[in-house]
Amino acid sequence: MKTLGVVTSGGDAPGMNASIRAVTRVAHSRGMKVIGFKRGWEGLLANTFEQLTPRSVGGILEVGGTILYTVRSPRFKTEKGIEKAAETLATNNVDGLVVIGGDGSFRGAHHLSRNTDTLVVGIPASIDNDIFGTDETIGFDTAVNTAVTEIDKIRDTAISHERTFIVEVMGRQRGFLALAAGITAGAEVILVPERKIRHTEIFEKLEQNEAKGKKSSIIVAAEGVGDNREIANRIRERTGAEVRLSVLGYAQRGGSPTARSRLLACLFGSKAVELLSKKHGNLVVGLCLGKIATISLEKSCTTRKALDLDLLQLANLLAT
Amino acid sequence: MKTLGVVTSGGDAPGMNASIRAVTRVAHSRGMKVIGFKRGWEGLLANTFEQLTPRSVGGILEVGGTILYTVRSPRFKTEKGIEKAAETLATNNVDGLVVIGGDGSFRGAHHLSRNTDTLVVGIPASIDNDIFGTDETIGFDTAVNTAVTEIDKIRDTAISHERTFIVEVMGRQRGFLALAAGITAGAEVILVPERKIRHTEIFEKLEQNEAKGKKSSIIVAAEGVGDNREIANRIRERTGAEVRLSVLGYAQRGGSPTARSRLLACLFGSKAVELLSKKHGNLVVGLCLGKIATISLEKSCTTRKALDLDLLQLANLLAT
Amino acid sequence: MKTLGVVTSGGDAPGMNASIRAVTRVAHSRGMKVIGFKRGWEGLLANTFEQLTPRSVGGILEVGGTILYTVRSPRFKTEKGIEKAAETLATNNVDGLVVIGGDGSFRGAHHLSRNTDTLVVGIPASIDNDIFGTDETIGFDTAVNTAVTEIDKIRDTAISHERTFIVEVMGRQRGFLALAAGITAGAEVILVPERKIRHTEIFEKLEQNEAKGKKSSIIVAAEGVGDNREIANRIRERTGAEVRLSVLGYAQRGGSPTARSRLLACLFGSKAVELLSKKHGNLVVGLCLGKIATISLEKSCTTRKALDLDLLQLANLLAT
Amino acid sequence: MKTLGVVTSGGDAPGMNASIRAVTRVAHSRGMKVIGFKRGWEGLLANTFEQLTPRSVGGILEVGGTILYTVRSPRFKTEKGIEKAAETLATNNVDGLVVIGGDGSFRGAHHLSRNTDTLVVGIPASIDNDIFGTDETIGFDTAVNTAVTEIDKIRDTAISHERTFIVEVMGRQRGFLALAAGITAGAEVILVPERKIRHTEIFEKLEQNEAKGKKSSIIVAAEGVGDNREIANRIRERTGAEVRLSVLGYAQRGGSPTARSRLLACLFGSKAVELLSKKHGNLVVGLCLGKIATISLEKSCTTRKALDLDLLQLANLLAT
């Protein structure tokens, strides 16, 4: 293993930079040259990259986003795109490629890996935590804390105005972020795409709360649940009370990574280089039962990760 | 001055609690009894209050929201409402009333003051900073910092994805928050209701930025500017680039107050009690040219506070 | 299981309140009465407690410290003290006792459990993370993030002044906090009690850094390492450079718990009640290989938890 | 005015970078070339600088510290040093020099200004806020908020353990930071160098607190007050209670600047360039009665700024 490529792809997540730093410094300590492709898969299509050195990745550990940039690349998904990317890897003698990103990026990585001799290893980085094979992705803990900090603030207003607030968090398909933020912010109701509930269930819960003396409520809803403004309207009609919707936006994707997101980035980055130096490819590194582990790239990007519905039940029980 | 009433009204703002604490403790040190009316003007209509003591306002200095609650009270705006409120003040022998809130609350306070013997003093607390007679309201500095922290995070993603983001901050009528957050977050464009600009101006600015090598831009827009989603669409059509809208929501209204919001709350609360103990009423306390000052309640709620358009120009110049 | 007692003991940790809330609400949902003893073991000696209800533990999820207070209680460690505590449990018909605290508290709990019929379960809460049987204690993640946030700030000054800073974090006996904060803050050197190193090793590392072009360095040191001011002096003598010492103090013990500290508090609290309702006692709940687990109270308080020295090595490698 | 020099000197303060950005961009908009001297006065002695452009100062608005570095420079204080610095300014045709720093830096600037034709303007940046001629320095608001956030956390532990804590904040000579942090954190006692009090006064205040039912107290003390550990010991001896000392360290000097520190940096930077472009020198820009103003460099560095002792009295009254 002489030359190692790194690329960040898909939506950015806090800690991507920390993992670029880890990959670069560990690889350098093993005598490898590291090149970082720019702007996601586009960098492999356009052969645009910069060499990464221990010094050039200094000062990025605590910075959100990715110094390698990221972009959507529809062209990469075509046969011609994959071919071009494989050619770029060959031209630059890239023996191993580390792909830092989410499940979409891993599908691309898997596709590429079948069309190149370069070994490919994925590092899961996504605020959605929806990647099979790891209990937690880089960036998830940061996004949860950002959401919880916001919800804590919204609760000040909810209590002062004795109102119900619906707080929409990111998660088009999955409810990991909504569930984790909901239980830790003490949300009275948590709505996730994985468990559809009828509006009447929400009404009942709110009415029970009121009967117990709770004057305000927070509903945390994943964006994928449906039209949260409609839910707000329905509650307003039903209860006569004012309901406010607050959509936590892109701030959930940025910011300085938490200690935990940084730690995962260090551990995953180190493991990825170790795997490649041992000529292991087609793998995703992850946290499994509390330990750093690996899983096949194919399995990771074709298997659906289950949401812990027991945790949802506990959240319900605790918000009483 | 034997009995002093306190009420928080209108939208909550961080530091309201700090001002309740200041009013209570200063009044207590001067031998007054303090009662806090609950749920804004509704407390004066329903005669619901609690006695406030130095101990009962302990531990609230750093807490967002208001322990006295606040609510919209359309009933209060009627002649009958005002009459009832005046009656409540008389029944409880309230010699002086401190009204903590925004300009809507001050209009109510002014109306009430003309129908009661109780002296009324207003303390400006609002995240909008739109109250004439004070350079700054309690809660404004906190809201600006909350918005700036969010925008700093969004910039991570803007840079990583080389995209333009529109960040909508609170401010239905006025652009104080948008301007302050925009200049301190380094926004490339700031949109305020006080200075309408054509879409073409925005396009030109973004194109100039790109020509200068800026790959991403942040537009901070007050909600009162118009349909910010429409603006996003127009930029997308014009430039072909992806544009994202992020609406900073109710979190701007909550959270632990900053040191500055707390300090204003201490100074305003102390001054309000001092005025009442000297039998001065119909006043609003404020920060004027860096000093604690007063202005007539009537003038405060009938005069429009000007936005500093020079600052807007400086913001433009600095974001180049 | 009809009556459940709760007590917090030892140094406070962020998330103790979240676990009191979880214990109370889960127990209440199972029909139990919950009483909270005040001021640690002193509450069992003096029979001072308050009844905890789902409402009385509202609003404490996000608050640092402990609403039950905590205090050192040398009297409790005597035979007479244990006897008195057992008597208090009997008098109040406490069937199960949840002890929230660190290893010192668990030794007390173990001692007590052998002298009472009340079943005792421990919930590990400590910023030190030094409790055997759990990969992580409640409060640890919060303390690490607090320390990292401080170190990030100190680095601004270290870089601007091109200086070396020694940052002393809590940890009299153990280096868990120093290691976790050190690796995630990118410290150039990490000093832990578990691995003594000679001063010359530190000098060499700093000299290597300088040779590589690093103008500033951060040394994170556990307080138990020795006299960190002395180390600062030695480096100053050796290198001629200015070295500053910054002791991160008690702020590491407070603050609103992070999402992760809150989540552990929810999970541990729920598990503790479940165990007691099944008549299981003499246990400590914990996080083991990523899952909620249990271990014997005796084993937990008599076994030394190992520090991950591989992680220390990785930290060294990454800070190059 | 064709070429403008910038230098940061003395202890770093959050917002120095924001002011470098403001100076550079405003100067550039007026057609000036800007050069930034490196490492404080050393840069003028060694003729080391870099050209600053609108692009090169991008992305630094929110970053603590100073990209121009800063260092103590005893050599500069000599006649020979001043001569050399003047020579550097002449060699590089620097028409105007902006000195960003504290009162020590301004004394140097004043000395230099009498030995050069280059016009010199000072921008007050210091966490100490001890510069005459401005109500507030760049960085002060950030330092106050950092200290208050820490003290809020320490209070969690103070309350839980029912203890007294002494929190030492920066300020060797002056108590501006201690007073501002103390009043806004609700400190029970504030110790500043400007008003010596006897230990018995502290004891009495603590005893009064206890009599009123306060179980814990926070004493905020400037480091210049004396030996705070000694004060802790004296209280311990007197009251028998445990007292803890926590020294808030260098973190007070770093971190991302608050909105207010950034705003002052923008306004001061803009004003400094405007003055120089009008050929006005020997001045310090500042905030005076809420407006941007100027004062003579000589007066600023030879006059002692008064601490507001009325505010200290109010703080005492509020913490009851």
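Odds and ends about this structure:
Letters A, B, C and D mark the chains in the order given here, with residues in each chain numbered from 1 onward.
We take it that a contact is a pair of C-beta atoms (placed from the backbone, for glycine too) under 8 Å apart; a residue touches a chain by one contact, two chains touch by 3 or more.
Values in this document were obtained by computation on a predicted structure and should not be read as measured data.
Any chain bridging chain A and chain B, meaning touching each of them, is missing here; the list is empty. At the interface between chain C and chain D, over half of the residue numbers appear on both sides, which makes the contact a same-residue one. Taking only C-alpha atoms, you rotate chain B by 180 degrees to land it on chain C; that is to the nearest 5. Among the other chains, B has the CA centre that is most remote from the centre of chain C.
With each centre defined as the average position of its C-alpha atoms, the distance from chain B to chain C rounds to 40 Å.
Centroid to centroid, with C-alpha atoms defining each point, chain C and chain D lie 35 Å apart.
Centre-to-centre separation of chain B and chain D, using mean CA positions: 28 Å. Among the residues of chain A, those in touch with two or more other chains are 152, 159.
A complete list of chain pairs in contact reads A-B, A-C, B-D, C-D. Residues 8, 11-12, 14, 16, 39, 63-66, 69-71, 146, 150, 152-157, 159-162, 165, 244-251, 253-255 of chain C are the ones that touch chain D when the two sit in their complex. Every residue of chain A that touches chain C in the complex is listed here, in rising order: 21-22, 25-26, 28-29, 54-55, 58-59, 61-62, 135, 141, 144-145, 148, 152, 159, 180-181, 183-186, 212-214, 256, 258-260, 262-263, 266-267, 270, 287-291, 314-315, 317-318, 320.
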